[in-house]
Structures are given as C-alpha cells and as structure tokens.
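One chain, subunit A, appears in both complexes that follow, with subunit B as partner in the first and subunit C in the second.
Now for the complex of A and B:
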C-alpha cells in the first residue's frame, strides 16, 4: 500500500467578511499553489471539499475556478469534524491506489447552518452547543474539582498563541480575569470560554509516497488514523466527564502509528469550548483522567514536558469556520513538523496530532503525523 | 491491497410521500439488514451517506437510528453523481485497509435542492436541467440525424422495464406516440423524455475480500473505477454531441477492470433525459459515435447483442431521487449479477456497468462490477 504524506498547504486569514464561500475557498487553494511551486493543476486527481454550507456541487465548481479537472470531486460534511473526514478520505483514495495527488479544501462562512444542532429535538430549545459545553464543565468541576480559573487558562493560552498566528481571527491577549468577567453564556460557560464562528478556509495537499518528492523535500507523513461516531444525540451521551469518541479514535490512531501519547510533541485539539481542551488532555492520554485542569495550569508556560497544545491558537484564538477547522489544524501540525511555524515554532518536534470532534463530542477524529 | 465486493443491498419503494429523509434512508438500511442475515451493527466500520439534502450530520444520525457506532461517518454530495462518489469512497476506505465493512446510503426527497443548477449564473434563467438536455438533443439531431422517435424509444423501453421493478415510481407502459405527444418542456424535450424527482433510498454493503464470505456466497466484485469532473458550468461544455467526462471515466474503468465495452452484459446508464442514454451508448463504447439513435431502436427488443441497458427502468422509469440514484443503479447491477433480478433478469450476465453523471454531464462516474 502507498504511504501518504502532506506536501503543502494554503490558508486564508480567518475573518468576518462579505466574501463568498467560493472566493474564500479559492483563496486558500491559490495560497497552496503559491506554496508548492512545482504543482500544476493537471497533477491533481481529487478535490475534496469540507464544508457544512448548503452550496451544491462545490467541489466541481472550485475545481473549475482553479483550472483543475479532477477524477474525484465531492463535498463532505460531518459537522465540526468534516475537515478531518475529508483528509482521511483523501488518504484512502491515495493509499488504495485510485489517486496519487489530492487537495482537501475546508471552508465555511460565519453564518454556516452548522451553528445549531437542529436535529436534536430531545434537547428542546437548547440547540446552541454552549448548552452541552456547560454540562460537560459542570460535571468535570463536580467530579474532579476543576475550576473556572483552570478553564480560563485555556482561553488565555490560546488567545496568546493566536497573536503569533497571522491567520487567526483574534489578535488580542486576554487575562484570566478578562475570561472570568466576560459575558455569561450558559453557566459556567462565558464568552471567552467559547470559540467563535467566522469565515475562513484551509487547503492541504496530500501525495503518495511515489510522487511526494516531486513536490517537497520535507514530507509530513500521515502515520495514524482513528475515528469514531458513538451517537448523534446529546441525550445518548451518558458520561459527561469524558469524550468516548475521542478515547476510541485516539486508541486506534496511536495503534496504527505505533506510538504512545507521550511521544506527541505538538497537538491541535478541538477547543470548541475551554472544557473540551481539558477533556482532550485526558482523553488523548496526555495526562490521567481528572488531571486536565491542573494540566491547563502548566500548559500556559509549557511546563508539561513535551506536548505543546494549540500553538496556532486553537479554535478559541483562531476562530472556528466549521468546515475549515480540521484542515487548518492539520496545516498547523504540518507547519510545525516542517519547522515553518514562525514565532510559534515548537523546537525539535517529530510527532504531531490533530484532534477534531463534532456535536457534543458524539464523533471524533484523531490523526497523527510524523517526520 | 484488499479487493472489494458488494455483499448485499437494500431498497425502498421510489415514491412521493410525507416521510422524512431519515425515515426513507433508514427504511433502505433496514431492508439491507433483512437481506444480509449475518450482518450485525457492530460489524460496520463506515456509514457514508449520499444526498443533496441540506440536513446536517446525517451520517451520524442514521448511524444512531440504526444502532451503528461506525469509525467513519459523513455525508457526500456531488449533485446527481453523489451516489457513485460515495460508493467509490467506501471502496477506498476498504482497499486502503482502514475499514473492512462499509454501508453506503443514498437518499433524497423529491424537493431536493439539487433540482436546479443554481450556481451557473452564466445561463441566465435557464437553470432547469431540461435546457441543457434540449441543447444536447438538438446538436445530436443536427449532427447525426437522430430523431425524436429514437429518443422516445428510450422512454418506452425504460417505462416498460420499470413495470418489472416493484421499487420503480412509474408502473405504466408508454408508447412512442405517448412520448411524442407528452407535454413540451423545452423543444425538443417533452415530459416523457425526462426523469422525475421523487423520494427514495438505496443502500449498498461493501466488504473486503478477507471478510466477504462471512456475509455472502455470491460476492459481486468492484472491478473497475473511473471518474472525471471536466468543469462545473454548462458554458464550458464545448462539445454537445458527446459527454467528455463519461468518455474519460469509462476509459479508466475499463482499463482498471481489463475489460472492453463489448464484454458488458448489463448496464445502468444515467438517463436523466432520453438523449443522455443515447449519448451514453456511444460514450461508453457500446456503439460508434453517431449510432446511438439506431441503437435505441434495437435496444427495445435487445437486438444489440449482449448489453442490456437500464433493466430496472433507468432514471426515467424508476424515478430520480438524486442522492439515491447512483446507489440504486449499483444495487440493480449487483442483483443482476447475482441472478436475483426477478422478471427483468438478464441471462448469464458476468460483467455489469454503472454510469452516473452530474449537472449537464460536467462530471461522471463509471464503475464496472463482475462475478
């Protein structure tokens, strides 16, 4: 079977704008072509578009706009973890031998239909994701004495990291006090505990081992893949102090990559809310269950040993254009592993991880990448 | 690499109803479970949903409704050829070794947003697909002296075949005269030259070679795959007497399967309009370019030699629930190759073909299957 690696990437500034979905997506594809000088439109076998937008035939439209006549072109959606679903599809197309070169384009507008969990009627009017985040937060506080200050520290770190990421929507540091005093959303979740919808796109170029060196001297290998959808309804999430889909996805990804959590140097985790990052520390195996709050205290100054989390600013600092997020996370890990992350570069990183989830953590994806 | 085969399938009656998208989709999955007695929900690694519907998180919702906790779950859309895109993704997930067992669910409601080509602003108000069908028809009539009677014969055959398919929306034979006198839509396209949107779903179970015999003694192998998206806008379709995306997709599928068009015994081709079936005869290599009209004359009584086209009734006779169509086509070929097609069974068929296209033939998929 073909091994698969990232050969390059493109990003847009995350923002709020009047630009169309197509304009934003094409901007990230243009950036990718600028970054991978040897890439021609004729090389590309697949264009997979990750978005929750309702625009039909998006993959073929973006292909035409970019002068690409791909074999495979379609749109992929699974709410907030659409991006990593598209990446893993691209991996499969290449690993199976059907394609050699695939572009994954993640894109969303701030007013995406993914902002509410419209299907979960059992939840009454509580469709906004902040409601489930509040329940996860309360359960963790009750069970493990996690504090609102510890959750606030996640936001402080991620806002700080975002100031070192020119693509990030937010470019201002916040203090613990700022977070604690920010607008209450659903107790104990406050405004700065939340990621914000915005416009944005990210593109990733995946290539077979056979052709990778035509495009880069620094391939970033896809080493591990894990995915799991445990349910769709929040009513069926029985355990509020852990994310079962993440635990199962991480187990499979580590097994495929033959690595352990402690070998991860840099990770992008799905901090849709601050509590999600604390749960991710635990459920990805970076720390024991229940120690996520304390881990957040030391994460701010990276006193945790090897793993640096959400160097680009996470969803909280960078913004959360839903279909783009998983792809943008993978772009960050590729940049870090290629030592191209500028001011936020983590030294000597060899193994990276992407953690992307959907809809009250009912489904999750974990990808490990290595050099 | 793992070979991949169809192990089973499920269908709904194609209809117009007040049933929800989820109800219809789950009905076809239920039929699949009924047909494959040894299949348990726990076996399933992937649930891929093909639809143009805007419902978010559909794959995870259908998984929960069916008691499945898959690794891979997402929704796939590329207009009318969404179904075969989903099938080929499932193939890739299995062939790459990430999954062993995948369900593809194609589903649509009659009021799907795919009914118009909303993005193609260059075409002014001519967004209904009948406009491009009319241009293809006129070009073929002008260039090759194809007649309206020959096109009508496609509709006569497919309506007749549909009466032998209990799942088909239409259950009434029509004559050449009925077609010629049916309501004018866009000259020379008349009502009975067109397929009709309706509700419907189809499910397909794909399994790796390693596990296939746990589920069936009669695997139908996926032997050839070809896809191409040449553009998205009808304004960029330069040549109206052929479908370039189909020609390129067929070439790749035949090469992968190491077969020739004359070896195909049974084919489901994308007769969104009668002209599409005539073009498909030519572009799939069943007959020389320009001879499609005459082929239609002999196809009615299968005087063409080996290939039987649209035995289930095609899109014209069965109805066209957009996201379901490509999957339902593959179900028909699997049924034919397993000798389970009832009244419409083609004798001694060994090689079958699925031809699915989108949006003025700007993209197409060709899959060959064999026993």
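Now for the complex of A and C:
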C-alpha cells in the first residue's frame, strides 16, 4: 500500500447566501488551485464530493466546471460524517494504487435536508437532533455530575477560537452567562450549545507518496484511519453516556498510526452539541470516562498543556455545513501541522486528529495525521 | 425481534417475517422537556420489554414524579404524516 499525504487545501467563508451548491463548491476548488500552484487539472485522477444535498451527479458536474476529466468521480453521503468518509474513500483509491491524486470537495447549503434521519421510526416525532443531544446530556449529568456550566465552557472556547478563524461563520465571543441564558431548545440544551447549519465548502488535495513532492515540500501524512457504524436507529444506541462508534474508530486509527491519545497535539472533534465534545474528550482517550466535564474547564486556556481541541472553532463556532464539515476539519489539522494556522497556531504540532460522527453517534470516523 | 421494521431479519437474513404485538409496558431510561414549538412537553427514551427503545411523549399529572427507571405504559401510538408517534404514562 502506498502512503498518502495532504498536499493542499481550499476553503470558503462559511455563511448564509443565495449562492448555489456548485458556486460554493467551485469557490473552494478555486482556492485550492490558487494554493497549489504546481497543480493542473490534468493531474487529477479522482474527484470525490461529500454532500447531503438532493442534487444529482455532483462530482461529474464539479469536474466539468473545473476542467477536470477524472478516472473516478462520485459522491459520498453518510450524514454528518460524509466529509471524512469521502477522505477515506480518496485515501483508499490512492493507497491501493488505483489513483495518485485526488480532490475531495465537501459542500453544503444551510437548507440541506441533512440533519434528521427520516427512516428511523424509533425517534418518533422527536427527530430533531437536539432531542438525542438532550438525552446524552441528561445521562452524563446524572451519571458523572457534568454541569451545564461545563458544557457552556465548550461553547465559550469554540466561539472564541472561531474569532481567530476568518472562514468561521460566527465571529463573536460568548460568555458562560450568555450560553446559560440563551434560548432553551430541549433541556438542558440551549441555543449556544448547538451548532448551526450554514453554507460552506472545503477542498482537500490528497497525493500518493510517489508524487507528493511535486506539489508540496510539507506533506501532511494520513497516518491512521478508523471508521465504525454500530447501528443507524436510536433504538440500538445502548449507552447514552458513551459513543461506541467513536471508541472503536479511534482504537483502529491509533493502532494503524502506532500512536497513543496522549501523543495527539491538536484535534478537531465533532461538537454538533457541546455534550458531544465532552463525550469526545473521553471516548477519544484524552481523559478518563466521566471526566470530560472537568477537562472542559481546563481546555479553555489549556492549562494542562494537553491536546488543543477545535482550534478553528469546531462546529459550534465555525458553523456546520454538513457535507463540508469533515473536510474542513481535516483542512484545519493540515494547517496546524504545516504551521499555517495564524493567530490560532498551536506550537510544535506533530500529530493531529479529526473526529466526525453522524446520527446520535451511531457511526464515526477518526483520522490521524502527522508530520 | 426486529426493530425498526424491516423485510429481512438482521440476524439470520430470513425474509419470513411477521408482525407481532409486544407488551406495551417499558422502562423510562432518560427524560427531559422539549421546548421546540411543535413538540412542547416532556419526552423520554423508553425501553420496551423486548429491548425496543423509543423516543416518546410522557404524559402525567406531576412531572416532578418522573424518575429514571420507573415503569411506564404506552397509551397511544400511530402515524402523523411520515412521523410515528408514541405516548406513555407512568404506571
């Protein structure tokens, strides 16, 4: 198997707009080509598009719009972890030798029909994701005494970090008090505990080991991959205080990369709701089970010098254009590892991690990257 | 027992499936209050005796008496458009 690395990326401002899906996606591809001057259209073997939109034939359309005639062009959808699923598909094509150079484009419109799993009769009329988030929050508060203030600190940190990310949708800090007084949605989940849909796109260039140095002197290697789908229905989510798909995906990624959680310097985790980040701290192995709330208290200023989480602002601060999120998370980790993250740069990063999940954490993807 | 409903068994992949009626009593695993306009009120995760879990409305006179682990009974279920709905009351 060939090794695979990130050679470049492109990103749009996350926003609300009247722009079409294709306009937004093409904007991110344009940014990628601007960032990787040695790349030309005829180099590209694969165009993979991650989106939950109802649009058809998106990969071939974007290929035509950007003058690419790839061997492989198709779309990947897996609700909120579509982006990392697409990255893993691209990785697989390159690692297997079928392709050398792939672009992954993640894109979504704010009004995409992406967040509710309509098939699942289990959720009854409570299909809005805030309902499962509230169940996870209540259970974690009950079992581990996690507090609403600790969950609010996740939102405070991520809103603050987003102000250092020009691409982020939200550019305003919030206080713990702001979060606690924000509109209640499903108790204890309030408005500022939630990520928000928006328009956005991110593109990632993946290249084989054989050709990587034609495009960058600073490759960011994909070192570990883990995915797991434990179920789709809420009926089969057997533990409300644990994300089994995340635990299993992380285990596989760490094993492949031959690293331990404590070696991760910077991580983008899937904070669809603040409780998800608290669970991610635990289930990715950054802290012991039950101590995620305490970790949130120290994460704001990273007092312990441990892993830096959601430096770009996470989903809560940056916005959540569903199909773009996983790709944008990977772009942030690549920027951090290449020392290009500007004001939010974490010093001396060697290993990064992307965590992306779907549908009440019934499936998850974990990718580790390193330099 | 297959839930959500399917035309094949997830264990043996047989397509010889039939509908069965299950006990409507279950255990309240977790609960909270929804403030989303069309869903106002208490709801929770209920586990029926055949290991089927549902998100359903909880109806009672005194919500302060709701406790994790208490037994509830399904009193209503059906379809509203494309959405199933389930309503439970404490036993």
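The rule is simple: the second predicted complex is superposed on the first by the 371 of 371 C-alpha atoms of A that agree within 3 Å, B and C clash if a C-alpha of one lies under 4 Å from a C-alpha of the other, contacts with A are read in each partner's own complex, and residues count from 1 in each chain.
Heads up, the rule we're going with is that contacts are C-beta pairs under 8 Å (C-beta built on N, C-alpha and C of every residue); 3 or more make two chains touch, one makes a residue touch a chain.
Note that the structure is a prediction, hence the values are computed from the model and not measured.
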Contacts of A:186 with subunit B and subunit C, given as first, second, both or neither: second
Subunit B versus subunit C as contact partner of A:233, first or second or both or neither: both
Touched partner set for A:194, first subunit B, second subunit C, both or neither: neither
First, second, both or neither for A:279, with subunit B first and subunit C second: neither
Partner chain in contact with A:39 - subunit B first, subunit C second, else both or neither: neither
Which of subunit B and subunit C A:204 touches, first, second, both or neither: neither
Subunit A residues contacted in one complex by subunit B, in the other by subunit C: 118-119, 233, 236
Subunit A-touching residues of subunit B, taken from the complex the two chains share: 1, 47, 52, 54-61, 63-64, 69-79, 82, 85, 88-89, 91-98, 113-114, 117-119, 225-233, 236, 249, 252, 358-359, 362-363
Subunit C to subunit A touching residues, read off their complex: 3-5, 29-36, 38-39, 43-45, 52-57, 68, 80, 82-86
Of subunit A, residues touching subunit C in the complex: 118-128, 130-132, 134-135, 138-139, 142, 184-188, 233-237, 240
